[in-house]
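Handing you a structure now.
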Amino acid sequence: MSGLLEIAGLKRHFGGLWATNGVDLAVREGELHALIGPNGAGKTTLIHLISGALAPDAGTLRFAGADITRLGMHARVARGITRSYQITQVFPELSLLENVRLAVQARRRDFGSSFRFWRPASADFSMIEEAEEWLGRVGLAEQAGEHARDVSHGEQRALELAMALATRPRLLLLDEPMAGMGPEESEHMASLIASLKGTQTVLLVEHDMDIVFRLADRVSVLVAGRVVASDAPERVRDDPEVRRAYLGDEVQ
Amino acid sequence: MKDRRHALLELGLLAAAALLPFALQAIGEDYYIGFAARLAIFALAATSLNFVVGHGGMVAFGHAAFFGGGAYVVALLMQAGVVSAWLAWPAAVAAAALAALLIGALSLRTKGVYFIMITLAFAQMIYYSVISLQFAGGDDGLPLDARSSLAPFDLGNDRALYWVALALLAASLHALRRVAASRYGRALAGIRQNEARMEALGYPVFRLKLVCFVIGAALAGLAGALLANQNGLASPGQLYWTQSGMLLVMVILGGVGKRYGGVLGAIALLGLEEALGLVTGHSHFYVGLALLAVALFAPRGLAGLLERKA
Amino acid sequence: MNKKKTIAALLAAATLAAPAAFAADAVKVGFVSTLSGPAAGLGVDIRDGFQLALKHLGGKLGNLPAEVIVADDQQNPNTAKQVTERLLKKDKVDFMTGIVFSNILLTVAKPVLDSRTFLISANAGPSQLAGEDCNPYFFNVAWQNDNVAEAIGKWASDEGMKTVISVAPNYPGGKDAVSGFKRFYKGKMADEMYTKLGQLDYAAELAQLRAAKPDAVYFFLPGGMGINFVKQFVAAGLSKDIRLITSGFSADEDVIGAVGEPMLGLFNSSHWAHDMDNAANRKFVADFEKEYKRLPSLYASQGYDAAMLMDAAVRQVKGKLDDKAAVRKALEAAQFASVRGKFKFNVNHYPVQDYYLRLVRKDEKGRITNKLMGTIFTNHADAYVGQCKMPK
Amino acid sequence: MTQLILEQALNGLQFGLMLFLLAAGLTLVFGIMDMINLSHGSLYMGGAYLGAAAAQAAGSFLVGLLAAMLGMAVVGAALETLLLRRLYARDHLAQVLATFALILIANETVRMIWGPQPLPLNPPAALAGPVELFGFSYPAYRLLIIGVGLAVAAFLYLLVARTRAGMWVRAGAANREMAEALGVDVRRLFTGIFALGAALCAAAGVLLGPLLAVQVGMGENILILAFVVIVIGGIGSIRGALVGSLLVGVVDTLGRALLPTLLRAVASPEVAGHLGPALASITIYLLMAAVLFFRPQGLFPARA
């Protein structure tokens, strides 16, 4: 069974600690794949390794059939891997629309590249329209003109998602999109993620078990730098090894 | 409506600036026409640095290499018999751009304070190289026998040089405003605010910044070509680190990243020096106090103060 | 446009023509000199000499009230250029003087001379302006750079010195000083060391001198450079084996005052000495000491003579400063009592004069100072006058 | 030839140790407070003037030296508490502007008090001559400078490596928040470091005074060298500052001395004399660029 993203034997250490210790993982085209694990299991390191922010010490990464192990972040983005951040990473001094427009500009080559020096960016209407669409999709159409620093935390996370989507990734890495949100905001975000199902391949790192088991097509469990289980939610939930190693009596 | 008012105000100021030489002549202060040309030239140099610092987010501490370098290119070419500004000035721009391409490519691997220091190091290397070159006049610099020939215009008098400098300054400000609003300029704005995020979005951050560095240097080279003409001398002092510091101070004083930051900074600093010099032998003392006040109480520079008023 | 040009031409003609008939009501002198940094002593001495002359003249030059605008060039050609521009265009001075260093003089000479303003050098005498580039508006009331060096070079030969190493700053004055020395020194130049103008630490050069062991070191290092060089030379223990010789520039009152005892026994050449016996000099030296509580240096004597030269010229043209040809003639005549006795200009507007040998020793009052020992050259001209085609 | 190289190496050591006095304070201020202080050179100038004036008044070089160090420590502490403290939280640009302003103010203040001409400062009479050393004479005063420089380096090493204050300094350089969390009184520590740095600057100013000139602008030329030193050594590291200083001092002096000799073999004396010092000046910056290229955090990074 071949996946969009295939990881084999991936290792990375910091000092004496193996944060990633032989990870094997496959993400299939079109699925919403959740990655869970206790604190310190190496989830964020794995996301860094996949996005290209960190280089592995050993192992291989294949994306859409090609080896991307040695590629930098910029090249991986070009191939269609986009990530959102655990800590909000938007452009605070720019409007929401401009935030998303920059993401659209990063991808769109139909007007030429970012090395266009004369024509005002605001004259590229189709780029703006697309940015507005993405904002609408995450429910931020009303706030399009506001500065990113002025909107609420939850709205910034939604903006983050819109920016990630605007790059039209083949694989979207979502690193704890609900971090620091209240229950209402979380619910809103969950429904946004749910709306991606079927059209967008997503690798989701999330703490909230409830949401993970409700949304995910498949769930992988990372414990001490290794994937101990990778399967449909209900089967992972019942996996005795997972229950022992990680879930304990947290569930039920 | 507000944009319209702004545009009218700008045109009005430009017209007033263009008429300045007549006013100065009327009151018998011809000397200040040359001074005004100097202001326009430094305003252009500071504006070019402001593009690098304010738009590109790169605190470059070696801008004198390009500014002074442009002056030297014009002086050296003149020594070699090339008098035409149509040849010498583009050559100054090209030389500055090329130097910036090399220096930038090496320096942009570092960040923050280390970037500040490595740009300084490269500029100092150029300074010491130039003063060791006999044909560049060594420590004494290279005097120009005459001004560049900008046929059909005659640069012989200060008034003409002032108008040329003013026109180039206005054109550069206009061009940089357009660049800031272009796709490229918007990408730079993103980099300035969050470089890692832009990388994650797939922008070629290194190349975008390098181009910004080169554009700033090219404009500085142009300003340097004008300075050589105004001053009649390409001097090593124009390459020294204190000159880089002076330009940086103008930018911060005027307002980092503000459209008129470089212009305001240059006029304020040189104007203050000149005005205080008329009344006290210790003008630098009071200039220092003024700069200190701006640093402490006006974090967004003079442009920031004006904006708050407006 | 054409109309405008005609009017401008008429106006220009009017302004040119008008003052020729009237005497100016004041003389403006732009005094640009090195007044800060290690060489400030030179500029200060020239200024003080100039001011003393003005005082003797009752604040007037040629019976006209004199306004002297003093500016510091910071020994920086760029600064000099800017202050000169201001003096020419804003203050519209009649005379420029005061410049210490040849590189500075060469940088500002063109705009000054192009504006037909008389430039009276009271110190720097670069070879360029003595030869090919000689100019009707340029006068040097001191010497040509080579001259004083030629004198000490001749003396070194007469003394039978076999190997000499020169140390001089890398600027036109430094090069002139070495080529002048070589012109009359017949022994071997073992090496020529050029240092950065304004260098103050000579550890590296001294180590090399120690290794090279010449008979003598000829140094030309004006101002603080020379002070530091002599001090460090002695501190390094080199004075035991190597003799120091120099032109008067590095053996005058400024250096003697700063270095003290180690200067004793230093032979040097000069076109002037404070113990020269003539009426003008006796008055100058006595009043200078009274006024400034120190002995005058040769720089001060040159500043004094520069003012006296201007005074004579302005007097001779009866204050009609806009008659440039007449002013030039009056300057060429040099009808003033120089503190060095007889004085006349060559066709290139540089002096033809005598050069003397001096020795640093204690005088009868116990002060360390120069004593006049003898004459090296009589009526000596510079080597470049032949290349000068002075316009009539 | 070996004697020549030995003498030049001593000169390099002397110059390097003086740079260290300047760089030590600068690297701590830079490393711990994350503050670009362009006016560091003004403290050096102020020290030299204070020392020259005091030495003249008291007729003793030693009195001048001590007065300068004490005086500048007070000035440094005052400057830190009254002004620079406000700038720690600001970005580097604001710091550049403010401390550049301080340079202008300091230069003009000195000019107002002491005039534009350099002040005379002579070494103690007993040290004005040479001493015999390995078969050649070497200026006694330069030996004294080397001795003082080494003593200060040892003192600083003990201070930083062995004392409680030193531990705070190291902790502060490595991680400021952590140090604060550990209960270090950061405000007092900063003032103390600043005063110490200013005193070391003053010592360098007075010690170099007789070899150079006590003049306005003396700080600007040496400031950049001090920055080069700490960037090479690694910002915030005393050990880095020492190694960087000696490296710069020796490379600069040996280059200055030997390059002309080498060049003379292939070019005319004038060309050699011209090119030599210039090339020697460049070597320092080449060294820095090379170090930064291969070790972007300097030789001894203080931050892990």
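The chains carry the letters A, B, C and D, assigned in the order they are written, with residues numbered from 1 in each.
In the analysis below, a contact is a pair of C-beta atoms (placed from the backbone, for glycine too) under 8 Å apart; a residue touches a chain by one contact, two chains touch by 3 or more.
Everything numeric here is computed off the predicted structure, so don't read it as measured data.
J.: So which chain is the furthest away from chain B, centre to centre on CA atoms?
T.: A
J.: Can you name the chain whose C-alpha mean lies closest to the mean of all the C-alpha atoms?
T.: Taking the mean of all protein C-alpha atoms as reference, the closest chain is B.
J.: If you average the CA atoms of chain C and of chain D, how far apart do the two points sit, in angstrom?
T.: The separation of the two C-alpha centroids amounts to 37 Å.
J.: Any idea how many Å lie between the Cα centroids of chain A and chain B?
T.: 44
J.: How big is the gap, in whole Å, between where the Cα atoms of chain B centre and where those of chain D centre?
T.: 32
J.: Where the CA atoms of chain B average out and where those of chain C average out, how many Å apart are those spots?
T.: For chain B versus chain C, the centre distance works out to 38 Å.
J.: Counting only residues that touch at least two other chains, what does the list for chain A look like?
T.: none
J.: At least two other chains touched by the same residue of chain D: list those residues.
T.: 111, 274, 277
J.: Which chain B residues reach two or more other chains?
T.: Residues 138.
J.: Mind listing each pair of touching chains for me?
T.: Between chains, contact exists in these pairs: A-B, B-C, B-D, C-D.
J.: Okay, in this complex, where on chain C does chain B touch?
T.: Within the complex, chain C touches chain B at residues 76-79, 81-82, 85-86, 89-90, 103, 106-107, 110-111, 170-172, 196-197.
J.: For chain D, which residues count as touching chain C in their complex?
T.: Residues 1, 3-4, 7-8, 11, 14-15, 111, 116-118, 120, 122-123, 128-130, 136-142, 210-213, 215-217, 253, 256-257, 261, 269-270, 273-274, 277 of chain D touch chain C in their complex.
J.: Quick check on the complex: what are the chain B residues that touch chain A?
T.: 178-179, 181-187, 189-190, 193-194, 196-205, 208, 211
J.: Provide the residue numbers of chain B that touch chain C in the complex, in ascending order.
T.: 29-32, 34, 138-141, 143, 145, 231-233, 235, 237-238
J.: Report the residues of chain D in contact with chain B in the complex, numbered from low to high.
T.: 30, 36, 38, 83, 86-87, 90, 92-94, 96-98, 100-105, 107-109, 111-112, 220, 224, 227-228, 231, 235, 271, 274-275, 277-279, 281-282, 285-286, 288-289, 292-293, 296-297
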